[in-house]
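In what follows, structures are represented as structure tokens.
Two complexes, one shared chain (subunit A), two partners (subunit B, subunit C).
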Partner chain A sequence: MATDVTTHDLMLDGNAVAGLLADLFGADVTVVPAKCATCGEVNAMGALHAYVRAPGSVLRCPICGAVMMRIVQTDRATRIEMRGIAYFRFERSGG
Partner chain B sequence: MARPLDWQLATVAGVHDETDAVRSFSLTLPAWTGHRPGQHVDLRLTSEDGYSVERSYSIASEPERAPEVDITVERIPDGEVSPFLHDVVVPGDRLEVRGPIGGYFVWEASQPGPLLLVGGGSGVVPLMAMIRHRARAGAMNPTRLLLSSRGPGEIIYREELDRLSATQDGFQVAHTLTREQPPGWSGYARRIDEAMLSEVLDPLGREARVYICGPTALVESAANALVRIGLAPSQIRTERFGPTGT
Partner chain C sequence: MTERFVTRGFVGRRSSGGPEDVASRIPPGQYITRDFPVLSAGPTPRTPLEQWTFTIQGLVKQPLSWSWQEFQALPAREWTVDISCVTKWTKLDMHWRGVSVDTLLEGVEIDDRAAFMIAWSDGGYTTNLPLPDVLNGQAFVAYEYDGAPLAPEHGGPARLVVPARYFWKSAKWIRGIRLQAEDEPGFWESLGYHNRGDQWREERYSGD
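Take a look at the complex of A and B:
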């Protein structure tokens, strides 16, 4: 394992925070399409780029790199900021 | 019934060394709802003072093994969780686990058509769940695994992969060893590149469904090369893992 890791090497994807997001949304969101508010591209949450080494987790658009979601957990609460997401599309189960 | 996101106490049913630095743990879960190949579990360790740390591990076993699931863990020397799992955990121990988690990087035998699996190091783990499931389900779809490992001693699941690729059901494995090759090595001996992907993909055709899992650099270069070869991005699913301090 390289020790001179760059920010790029530390990049994961939305699957890395799937457990946390499922806990918050009450369902798996890795397959949920999310539209980037910056460039308009739609990607599954699992395909977003994830940076989880910061004091929080940051999800970025894989196309334009804009921040789509920030998640910060403290002892008392979880704060999610998602100005970078224009919409999610949740399929209706059985529909 | 337990929900996937409820923590449950798994019992370690067995421990199995895959390589010097990689070990598999069979976990028996009291309220397992079943998984799809490619999904993972979260594992939580809590110390006596309440400090807790979570890690996500891909499930290595096929769903048919439920309610037992295997995880395969690489020992990261300066990690918080993997050294504990490797050095301390023995059969009979209990671990806090929740899952299954994730529905994006998933393949099931009900999905027809040729399948290309590309793995780097322990990135082979979720792909192995797909390969094992494919064999158990009796699927015959043409399937190839391209696995990049550093040296011959670091190929995870080597014997099982060789055995499965000898069964004539359409599964084949191609190895590349990037740092050290044994004498007489007939496999690839370089990092995964466009020419290699093109050769491995060729018998499957351009319509193949592709799953790539490994370090970010490998995932990016393989996915970009496949797009240059002519595959649509929508055919390719990726899962990146990095030096997450595990």
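Take a look at the complex of A and C:
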């Protein structure tokens, strides 16, 4: 069978899960910086590498490739794992 | 050694292969696909074959590791199996060539306490299976699909194949197995997917 699928065909960016994250967090988080717990680099959520053609969605650090966030939607619930994120940084309005 | 081994019998429920039998080969909630969809939780690893090894470790008397060349020399056979992915596609009569887990384990002395197998892969993926679910011809490590080397996007150079479980249990890019006394949920099992994943019981998600 001829297949020519590269990593690039499978990899999107964090904007691919923007709608899902907005539903869960109640806000658009694509511009929110998140620090990778593995390498320490800070990137906007929308800039993370997203793998969504899988049993769940996996967001990876664009620098080191470590898993930062995993999202699984089952028939009853949505689980988000964020062990790979050291912190989010939210701007304070007027700050 | 070439030995044709047709294993569709794992899932039972079929006989002569006529159209009327196809429906009986589709697990609940699944549909038939003719494609071979690619699913991946991360970038496709590209480990050079000269650096590739396959390791058996954990509750064994002496850990064992094969190079790619040594692995190719192990007794292999052909397998024709139906595969079901938890994302609901089922593909019938997939042709693989590979080495059974039984053959792999013949090389080690297994500790009596070993009850679970953790498959681990390049890229960090893991999946867990009870040992009785991968013995007696129920699982193999495949390195050919449809008569050609297994493509990287499908898990090549080698992937685990466990036809009687949803396909996430068939770890792509497998590099080794670890035998343990305790179970240890893998990449998807630890986040809501069913620990066993039997497609005939439609075990997609964990109980909650």
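The criterion applied here is as follows: the second predicted complex is superposed on the first by the 87 of 95 C-alpha atoms of A that agree within 3 Å, B and C clash if a C-alpha of one lies under 4 Å from a C-alpha of the other, contacts with A are read in each partner's own complex, and residues count from 1 in each chain.
Note that a contact is a pair of C-beta atoms (placed from the backbone, for glycine too) under 8 Å apart; a residue touches a chain by one contact, two chains touch by 3 or more.
Being a predicted model, the structure only gives us computed values, none of them experimental.
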item: Simultaneous placement of subunit C and subunit B on subunit A, clash or fit; value: fit
item: Which of subunit B and subunit C A:A22 touches, first, second, both or neither; value: first
item: Following superposition on chain A: angle at subunit A, subunit B versus subunit C, Cα, nearest 10°; value: 110
item: Partner chain(s) touched by A:R70 [first = subunit B, second = subunit C, both, neither]; value: second
item: Partner chain in contact with A:E81 - subunit B first, subunit C second, else both or neither; value: second
item: Subunit B versus subunit C as contact partner of A:R53, first or second or both or neither; value: both
item: Contacts of A:L10 with subunit B and subunit C, given as first, second, both or neither; value: both
item: After superposition on chain A, the shortest CA separation from subunit B to subunit C (Å); value: 10
item: Set of subunit A residues, in rising order, touched by both subunit B and subunit C; value: 1, 5, 9-11, 53
item: In the complex, subunit C residues that touch subunit A; value: 36-44, 86-87, 124, 145-146, 151, 153-154, 168, 188, 191-193, 204-206, 208
item: For the subunit A and subunit B complex, residues of the former touching the latter; value: 1-2, 5, 8-16, 18-19, 22-23, 28, 30-31, 44-47, 52-53
item: Residues of subunit B defined as touching subunit A within the complex; value: 4-5, 40, 42, 54, 56, 76, 98-99, 101-105, 215-217, 237-245
item: Subunit A residues touching subunit C - in the complex, by the definition given at the top; value: 1, 3, 5-7, 9-11, 49, 51, 53-56, 58, 60, 65, 67, 70, 72, 74-77, 79, 81
